[in-house]
Amino acid sequence: MSGTPTPGSGEHQLPREHYLNATYGIRSWLLTTDHKRIALLYLASVTFFFFIGGIFATLIRIHLLTPDGLLVTPETYNKLFTMHGVAMIFFFLIPSIPAVLGNFLIPIMIGAKDLAFPKINLLSWYIYLVGGCFVLYSFATGGLDTGWTFYTPLSSIYSNSAVTPAVIGIFINGFSSILTGLNFLVTVHTMRAPGMTWFRLPLFVWAHYATSLIMVLGTPVIAITLLLAGLERMFHFGFFNPAYGGDPILFQHLFWFYSHPAVYIMILPAMGVISEIIPTFVRKPIFGYSFIAASSIGIAVIGFIVWAHHMFLTGEATYAAIAFSFLSYLVAIPSAVKVFNWTSTLYKGSVSYDTPMLYALGFIGLFTIGGLTGLFLACLGLDIHLHDTYFVIAHFHYIMVGGAVMGYVGGLHFWWPKITGRLYPEFLARAAAIILFIGFNLTFFPQFILGGLGMPRRYHNYPPEFQVLNVMSTAGASILALGYLLPMLYLTWSMRYGKIAGPNPWPATGLEWKTDSPPLTENFHETPVVDWEPYDFVHRPDLGLKGAKAPGKLAPAHGDD
Amino acid sequence: MHRTGELFGQFKTLDQQKETATLGMWIFLVTEILFFGGLFLTYSINRHEFPTAFGVGGNMLSLPLGFANTIVLIASSFTMAMSVWSAQTSNKKLVPLFLILTLALGTVFLGVKVVEYKQKFDHHLIPGHSFDITYCSRNPEACQLEGKDLADEVKEIKEGIEAEGSVVALNAHAQLYFSLYFGMTGLHALHMIVGAGLLLYLILEARKGRFDANYNTPVENIGLYWHFVDIVWIFLFPLLYLINRHLA
Amino acid sequence: MQSQLPLYPDSASNFAPNVDSLMLFIVAVCVFFAVAISVAVVYFFFRYKRKSDDEIGAPIHGDLRLEITWIVLPFFLLMAMFGWGAVIYVDYRHTPSDTLDVYVIGKQWMWKLEQPNGRREINELHVPVNRNVRLVMASEDVIHDLSFPAFRVKMDVVPGHYNTMWFRPTKTGRYHFFCSQYCGTSHAIMGGWVTVMEPDEYAAWLAGSTGSADPLALGAKLYNDLACNTCHLPDGKGRGPSYNGVYGSKVKLADGSTVIADDAYIRESILQPNAKIVAGFQPVMPSFQGLVSEDQIIALTAYIKAQKDQPVPGKPAAGQPATGKN
């Protein structure tokens, strides 16, 4: 809009003033309340934890090259997979897309100057840091060997590792998540720009709205649960200890009441990212906008009532198991609806092969496999066989790494020009996307077969007949690691040397593309007024595309036609 | 958290700013409900499982102190409501007065709680290795059993042992009760302490005459928080002190 | 060892064929959808490749009929999976009555198993082919999980609970079993082999060596040592109900309900005697929580089981309403 060069006009220049050069110095970053700067603080910190978790994963895969274990003692191996899980889930996956991309984009996408509570937003980051320090302290002093699930009584009585600081760290970190979710919910409710009605919200915002609901409703429960487990460890409270009449199964109920919905905290924002990327790179409206929006809410709601499907074999009542299996199958439907709609969006599109699109298509493939293999585990009869085997490991890595991380990296590429004002080297980026996709499948597909064979998870050694598949998996992991290192390198490089992107390089229809790249501290030069439907390329002459009609009185374009 | 009646940068109008703050507080209270919910669930399941031991445990609490605290807390809710009303009616003198009263009552509550905890400590009712539900019945001189005499205490313990099957079982399950007692009242007390800090901040601001009919969001929202903490106690008191007070 | 690259485990129990058919069904459905989606994505990807930089796609917003189709059709497929799986699960959780009972204790980090005649094994299990086997499982410390991939069954072993599982081996051979619930340092070596034998071989194996301690003898000794015999008199006239013939029978409780006197009931009655009071008796029994080990409970249970056929002195054994025990 005002003062920005129009897209497609050749050479671009960075805007003279933007959020990155508005102020300088370490204080201006550590005390910032600008949601965009806080997003970058998160970007640095979640990348740090991704790196830590990645090192653990590398050691795990190398160790499993031989049946007897190549590298470390059983104690160390148990610590490696526990710390891998804790670092990746609580400190990378859960905050990754919401706290980095969501933080950066939600206010801009709805036409606001900032989140509703900028100081609380900064507070969230500090809470995250404090929680992270506790967990790192636990890693450094004795490590953690309970599994990321902290099942009692192993975690509360029997483990000799540094459980207490880890539990405190995750407890504290929970409040970061709660405050972020609260901030998003309130922001979406009260901060939307004129004309930005609920059904004009980008699907990224819908997905984050659903995610925030889970954060706000689920996180307190795991916070109190881990607190109780910690109290049990420190002061011999007996909630989960059979010796005092407590029940270890109660811990699992409370734990999964959060931790199953937490899976959706990780995947829903990635679905939001994909729902932005696909329409942009096929230049047509997303297929079934209202169905995708509603399915996000559906997933969040049904996701809260499926938790006991992690517990089919604890001896829970048969009828409870049947009910939870049924509900778990129901949650498959909104996920499938999304996949079908994304696929249909490609139909008669103008498909470009840009990097974010490759990530989006990779996401569809991997998420489809991850989601479909969930059907095996939701199935009572098959779960008896597959529960706690490598099949489960493969399934949730397809969802969380194949889904959530592909979405995150894809989203980073998509909005990188907006965040930094610069483009990354396109060829390298496409190569990295393809390497990631191939490496991922090579790593995790063999694990489905291992699981079918009955190889239990969390084994530091295994019977020799499982070796071939384990070696395949490790070989794939080395390719996967390359796929992650490449973007880290060229994205960092491009921050300084990348080509200037201009405000709307793709071009895309969202509000975030109507402001400078990088945006002003206040996001917009003047409060934007939204008078177009989401993902509408036709009535947007400002995008400079062929066949555009004048904006004006539009028929409602989405939904039920 | 908005320190002045001025409009903050991210908002367009004062109304929007107020609506935002209030919505945020309500969502926060929802998370608080779920936070306490985990504890209430654990309590309900175990109470159902071990009614006798929980009854014996409940009888070890001091009903007069618990009741007094309930009254104190209800009174503090009233003074809190009055301070909100004073702010809304621009009664700038009354706002700090009622806030100070509220803070005083909250402090009384916490003081009584400290007395109660001390008593539990003296009676060997802190979960852990020294936990001993029969301590008072065996060492009456070390415990001042106000409100009931030793014979009652001994009789209750005896009935409890019979119903549970053994001293070991009664002790284990009563320890579960006291774990929940300290977990729930401790978390509640922590919320009271946070509330007291917030009140202190409000008092300092109110003395400068910050709050009036145009701008009173902090008073309203911290008031909401204070009422919520009260309501939690209104549930805790009967659950912990009153149910099964008199065993058959 | 089998081939270098096995793709699916042996099928060696009554559950395996049904589980495998269901697996095949779900694999087929999933492959169909995965292939359909991949083909569509790849086809659209190349078919609708962008031809010029300023081209836009067709403004299609959605199609209600399509949406309904892909909500409703998958729903039925999902329900088929759910129903089939539930049938297997119900079968698995409902133990038949004619089982060979093996007691299992999980502890960090070994499995202790005990045959009906008291023969004990560690990390080895011998069972006869084509016979229903029930495992009654307890844990001494943390949660474990006993998993038999070749039988397609597993079950958590939870401290404070008795969990049971059953299967009928259908093929002789030696198969792995694992602990599949993470239980601490040596979780990965907490496994062993199950040997499925012909019935006569099994009988010979079983006779080959009885356990160092016959559970019946141990149970009888405990019964006296723990002074159970002072209250639980065989004629039912003591302060506690009689053991005679109680195992497997229906017991009427003081609150009017009835329970089946199975292993879990007997275990609970020892550890928490007052959880279920037999009709006509007072809640006077002390709890033995912390006084008896899981091993000893199994021995006591074996002893109580063995009192099935003893005639009650002074009363006809037959036609006696089964009220007694513990």
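Which chain is which? They are A, B and C, in the order written, and residues in each are numbered from 1.
Everything below uses one rule, namely that a contact is a pair of C-beta atoms (placed from the backbone, for glycine too) under 8 Å apart; a residue touches a chain by one contact, two chains touch by 3 or more.
Keep in mind that what you see is a predicted model, and the values were worked out from it rather than measured.
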Selected interface, A-C versus B-C, where C-beta contact pairs are more numerous: A-C
Label of the chain whose CA centroid is most distant from the centroid of chain B: C
Distance between the centres, which are taken as Cα means, of chain C and chain A, whole angstrom: 37
Between chain C and chain B, distance of the C-alpha-averaged centres to the nearest whole Å: 44
Where chain C touches two or more other chains, by residue: 290
Contacts with two or more other chains, residues of chain B listed in rising order: 169, 172
Junction residues of chain A - those touching two or more other chains: 243, 247
Interfacial residue positions of chain C with respect to chain A in the complex: 1-9, 15, 18-19, 22-23, 26, 29-30, 33-34, 37-38, 40-41, 44-45, 48-64, 66-67, 70-71, 74-75, 78-79, 81-82, 84-90, 92-94, 108, 141-143, 145, 147, 149-150, 152-156, 158-161, 163, 176, 178-189, 290
List of chain B residues in touch with chain C within their complex: 162-166, 168-169, 172
Chain B - residues contacting chain A, complex: 1, 9-12, 16, 19-20, 23-24, 27-28, 30-32, 34-39, 41-42, 45-46, 49-50, 53, 127-129, 169, 172-173, 175-176, 179-180, 182-183
Contacting residues of chain C [partner chain B, same complex]: 272-274, 283-290
Chain C-facing residues of chain A, complex: 8, 74-75, 78, 145, 147, 149, 151, 153-154, 157-159, 242-243, 247-249, 282-285, 287-291, 312-315, 318, 321-322, 325-326, 329-330, 332-333, 336-337, 339-341, 343-344, 346-353, 361, 364-365, 368-369, 372-373, 375-376, 378-385, 387-389, 449, 452-454, 456-465, 468-469, 536-538, 544-548, 557-561
